[in-house]
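Both complexes below contain subunit A, partnered by subunit B and then by subunit C.
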Partner chain A sequence: MDAKIAQMLFSVIDELNQMRPTDDHLVKDLEMPLSGDSGILDSAGLINLIAVTEQKAAEELGRPLVLTDERTLSQVNQVFQTLGTLAEYIHLRLNEKNDG
Partner chain B sequence: MDNKSLMCVLVSDFNLQNLAGYVTNDSHFPSVKAITAPFGQPVATLLNRELPCWQNTPDVAVIWTQPQSVAPAFKALLNYERVQLQTVLQQVDEYCALLVNMSEWVKYALVPSWVLPSYRSVFGILDMQTEIGLTNTIMRMNLRLAENLDKASNIYVLNTHDWIAQAGIQAFSPKLWYLGKIPFANEVFKAAARDIKAALRGMLGYARKLIIVDLDDTLWGGIVGDTGWENLVLGGHHHLGEAYADFQHALKSLQNRGILLAIVSKNEEQVALEAIRKHPEMVLKLDDFAGWRINWQDKVENIIDLMTELNLGPQSAVFIDDNPAERARVKESLSEILVPDWPDDPLFYPAALFSLRCFELPSLSQEDLDRTTMYLSENKRRKLKKTVSSLEEWLKRLAIRVHIEELHPANLQRATQLMNKTNQMNLSTRRMSEAELISWAQQEHHWLWTLRVSDKFGDAGLTGIVSLKIQDQRAQIVDFILSCRVLGRKIEETMLARAIHHAQALGIDNVYARYIPTPKNKPCLDFFKSPASRFQQQGDCFVRDGKQSFPIPEHIEIVLTQK
Partner chain C sequence: MEIKTFTVADLKTALASEDFWRAKTLPITKHRALSYSRNPRADENDPVLLVAYRNNRVIGYLGILPDKIFVNNASYKLGWLTSWWTDSAWATSGVGAILLFKALNAYDQRIGVSGGSRQAREALHASQKFMALKPLQGLDIRLRLNVTKDILRRFPAMKIFRVWFKIFDVILDEVMNLRGNFWQRRNNPCQRLTFEHISAIDEETDRFIQQHHRQDLTRKKKSDLSWIMNNPWILSAPLKDSASKRYYFLSRANRFLYLGVKVFEHKTEMIGFFLLKVRDDRMSIVYSYFESRHAASITAAAVHYAQAMHVDILNLYDERLVASFSKLRYPCWSVEKNTRGFSLSKAFADIPLADCRLHGGDGDLAFY
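Right after this comes the complex of A and B.
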């Protein structure tokens, strides 16, 4: 599942780059900082990341994912610190659903 | 093609940042740099020319609003309050007046039509009732919007419903709306960006004018050389036959809008032509084709030959062939020709043709509608040329008549269209909107004439523009534009004669033309360098000084209409 999540997030990056200036493209690297002090995304970029990630999770993983709930937004800088932290969080959330 | 980026301003009551990204990143011609005006203030933005977004005269503005933000009465209707339709429409009129006023600040303005999320049809069967139904009201508002903006020559209403349909059930995004004031999913913006770019290509004169089609398994099912025309799959009560017939109907409908059709096919010419003439279900007749090359030669060579005959450049053409190998060969060798990927299944041919976003014209002139007839007349001229002994004899027998008249509202649309799409015989390649062109021509010491060319085979329509600017006792030929349809018939000399005669009548003998090179306008340079122009080259200028007259070619009859 981890590899699938990473792959899904890379397709999210492809999608987001279609809207970003060519000299400001996001890279497909799990270490890439997203949000917070060293983050690349502004608030509009973060909104698009959330919306596209939810859409791609449904399309590519076949799993509904909500990233606008209070739990996620209360730790937004941790969850969206890098692409890797986002992947770990998605893994956690999807496994919780499996457990339930 | 000119790679300079167009400046595009996006004005909206919602967040259009994503659309700006898609439009700017779209790699198709033309290059566009999109910026967003502060969102949430469309009316204030349309009222204030001093805002930073309007500085430096943007090329195009896209004004995309939600209906409730420009028509408060519609907002009340959304709350199911009682509202008179007339009040809503009056507010649409007021909004349109703002748009028309703003349109003077830009070359072109695009206004996407209004849409409502499908989930707002709460009351189902009441939705289409006048003054009650939201959909009924939105339809009337859009109709009023289109009717009002029809009067402005540089504003075009775009069909948002098409983008919504392309995006499907997820077109409206509550998530993006609540998080970022973005009402639509990104699929809607992608479709919008495609249409905006297609519209701009049309406005800049890069709409495709010619569709070159293959025959076997493209225009009909089967190989005519193997099966004979009697056994082709075309029409009748057969799903494939119906699809091929519909594809021909689709081509015919585009031809009715001025798109030329031509054939390039590997076949025995007589066998193929017999099929076209004799098959009872053929929708397209031989007269529907401006030309054809049906033989066993390489298709690339045939296309080049055909386009030379039709006086069209490769950027004008679309090539449709069922064979991927032929498509790849043409795509590789003639990169400016549009070679769309083509469905394997003929049932999708008509839809694939209509989905091409390359035929968009900013206006539809009589010349557009008569284009095929003009090319058939040109074939007759060529046949005549083969029977006479000299160029002079041919020109004399054509009985050419040139109507010269100044720019006025009735010829403005066609003159602007010619100015914006002529690449080869074009001295300065100025691209202007109707408003800009008439404004330039009305300035003191400026003159602009249009030329309509006809002969015994037909009327080529408004095909020439020459303009003159007088300053410091010198006359500058600013525009020298001639459609390739009438090149080589000494219309060029007629245009110079008109300009020089006018300057001399004003007592000015020093006439010059400044050639501004583009990748396409070398034919114009060649003409000015030739003895026929009687100009001397001085750097990038061509100069003529002296009192000697410039006679109109003998074989041309002039009809001059003065203001």
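Right after this comes the complex of A and C.
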């Protein structure tokens, strides 16, 4: 599942890069900072990332994923610190659904 | 980062608190907070302001204007987004995104957006949570040229020639006044019309509006329009005060007023009502109610008021007023198209909105 999540996030990055200037392209690296003090995404960029991630999760993982609920919003800087922390969070959320 | 949600009740408490107004960055002005707290369509527990704090400093905020929309026989509560600001020093902190999604959650995903900056529109588009309504295709009608203002804004160094530009403006205005007077003598479309001014909606106007607002998306009533007229977000003042310097959005103008105009034909028959807003050199018809056969008379009345108020630009948004204006052949410097966009969240996707009528003041646009 972890590899699938990382692959899904890389396809999110591909899609976001189509809308960004070449100089601002995001790299497909789990260490890449997203939001927070060293982040590179502004509000519109983060909103876009969330929307495309939810959409790709449904398409590629076949699972609905909500990243705009109060639980996620209360820890935005932790969840979206890097692409890797986002992958871990998605893994956690999807496993919770499996457990439920 | 901490996000505080202020309901109407919380805002009333904040209005009485001295500490709230001492902040280096204000998330709202007092007169705007008063307006929010008096909104007739808001309940005490409705969230109306989200504020992001970091180390007790305001780093972002988002206002929400509770409203209702009406489609056929059903009504739906929603909140219009307004005054969305984030401190550029915290641009990558996610604060703008958090505020937006919290607003959507607070209103059960039922949110509307009117106008907005380019950045705000881009962010909302990126969220994929909104759908655009058919925009209002209005007009910017330039009645006075005001060369001085335009030149000095583009070339501030030309300030030394200000007097000469002013003289040039006066001459051009006189030329346009003469043309306007000739037009009035030749056409005199207001000959049969009389007017009554109101500062709040009276019973007669309320009955008239209710006969003409069935297709309106927001179906404003007496209390709604009176609230707008008497609770402005922008105050007429010659200078910025300490609060307006600490608030990002416009809260002051040299001239800001609302005026309700009842239009009568043959002195007794009410044929229309419009609410006009004047901000500095611009007049906008933000709400108008009339039957289509009277569109020419109402348009002529709007032009008549714009001329009397010595504004540079008249904004019309009602499509019947827009169509009538070209037929009037009124002398003006230029006429440009002006679009006002509205979006609703996709929670309204199943509601038939295509035939609903929007006004130029809907959302938060009546207040700016």
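The rule is simple: the second predicted complex is superposed on the first by the 100 of 100 C-alpha atoms of A that agree within 3 Å, B and C clash if a C-alpha of one lies under 4 Å from a C-alpha of the other, contacts with A are read in each partner's own complex, and residues count from 1 in each chain.
Rule of thumb we're sticking to: a contact is a pair of C-beta atoms (placed from the backbone, for glycine too) under 8 Å apart; a residue touches a chain by one contact, two chains touch by 3 or more.
Keep in mind it's a predicted model, so treat the numbers as computed, not measured.
> After the match on subunit A, would you call subunit B and subunit C a fit or a clash?
clash
> Is A:Leu41 touching the first partner subunit B, the second partner subunit C, both, or neither of them?
second
> Return first, second, both or neither, reflecting whether A:Asp69 touches subunit B, subunit C, both chains, or no partner chain.
After superposing on A, A:Asp69 lies in contact with subunit C but is clear of subunit B.
> Under the stated touch criterion, which partner chain does A:Leu61 make contact with: subunit B (first), subunit C (second), both, or neither?
After superposing on A, A:Leu61 lies clear of both subunit B and subunit C.
> Which one hits more subunit A residues, subunit B or subunit C?
Looking at subunit A, the partner in contact with more of its residues is C.
> One more residue to check, A:Ala6. First (subunit B), second (subunit C), both or neither?
Neither partner.
> A:Arg20 in the overlay: touching subunit B, subunit C, both, or neither? Say first, second, both or neither.
Only subunit B is touched by A:Arg20; subunit C is not.
> In the superposed arrangement, which partner chain does A:Met32 touch: subunit B (first), subunit C (second), both, or neither?
In the superposed model, A:Met32 contacts neither subunit B nor subunit C.
> Check whether A:Ala51 is in contact with subunit B, with subunit C, with both or with neither, and answer first, second, both or neither.
Both subunit B and subunit C are touched by A:Ala51.
> Check subunit A for residues that touch subunit B in one structure and subunit C in the other, and list them.
43-44, 47-48, 50-51, 55, 68
> Enumerate the contact residues on subunit C facing subunit A in the complex.
It comes out as residues 1, 3, 86, 91-98, 100-102, 104-105, 119, 122-123, 126-129.
> Considering the complex alone, what residue numbers of subunit A touch subunit C?
Against subunit C, subunit A makes touches at 35-37, 39-48, 50-51, 55, 68-70, 73, 76-77, 80.
> Mind pulling up the subunit B residues that touch subunit A in the complex?
15, 17-18, 21-22, 24-25, 170, 173, 175-176, 179-180, 182, 185-186, 190
> State the interface residues of subunit A toward subunit B in the complex, per the touch definition above.
15, 18-22, 43-44, 47-48, 50-52, 54-55, 68
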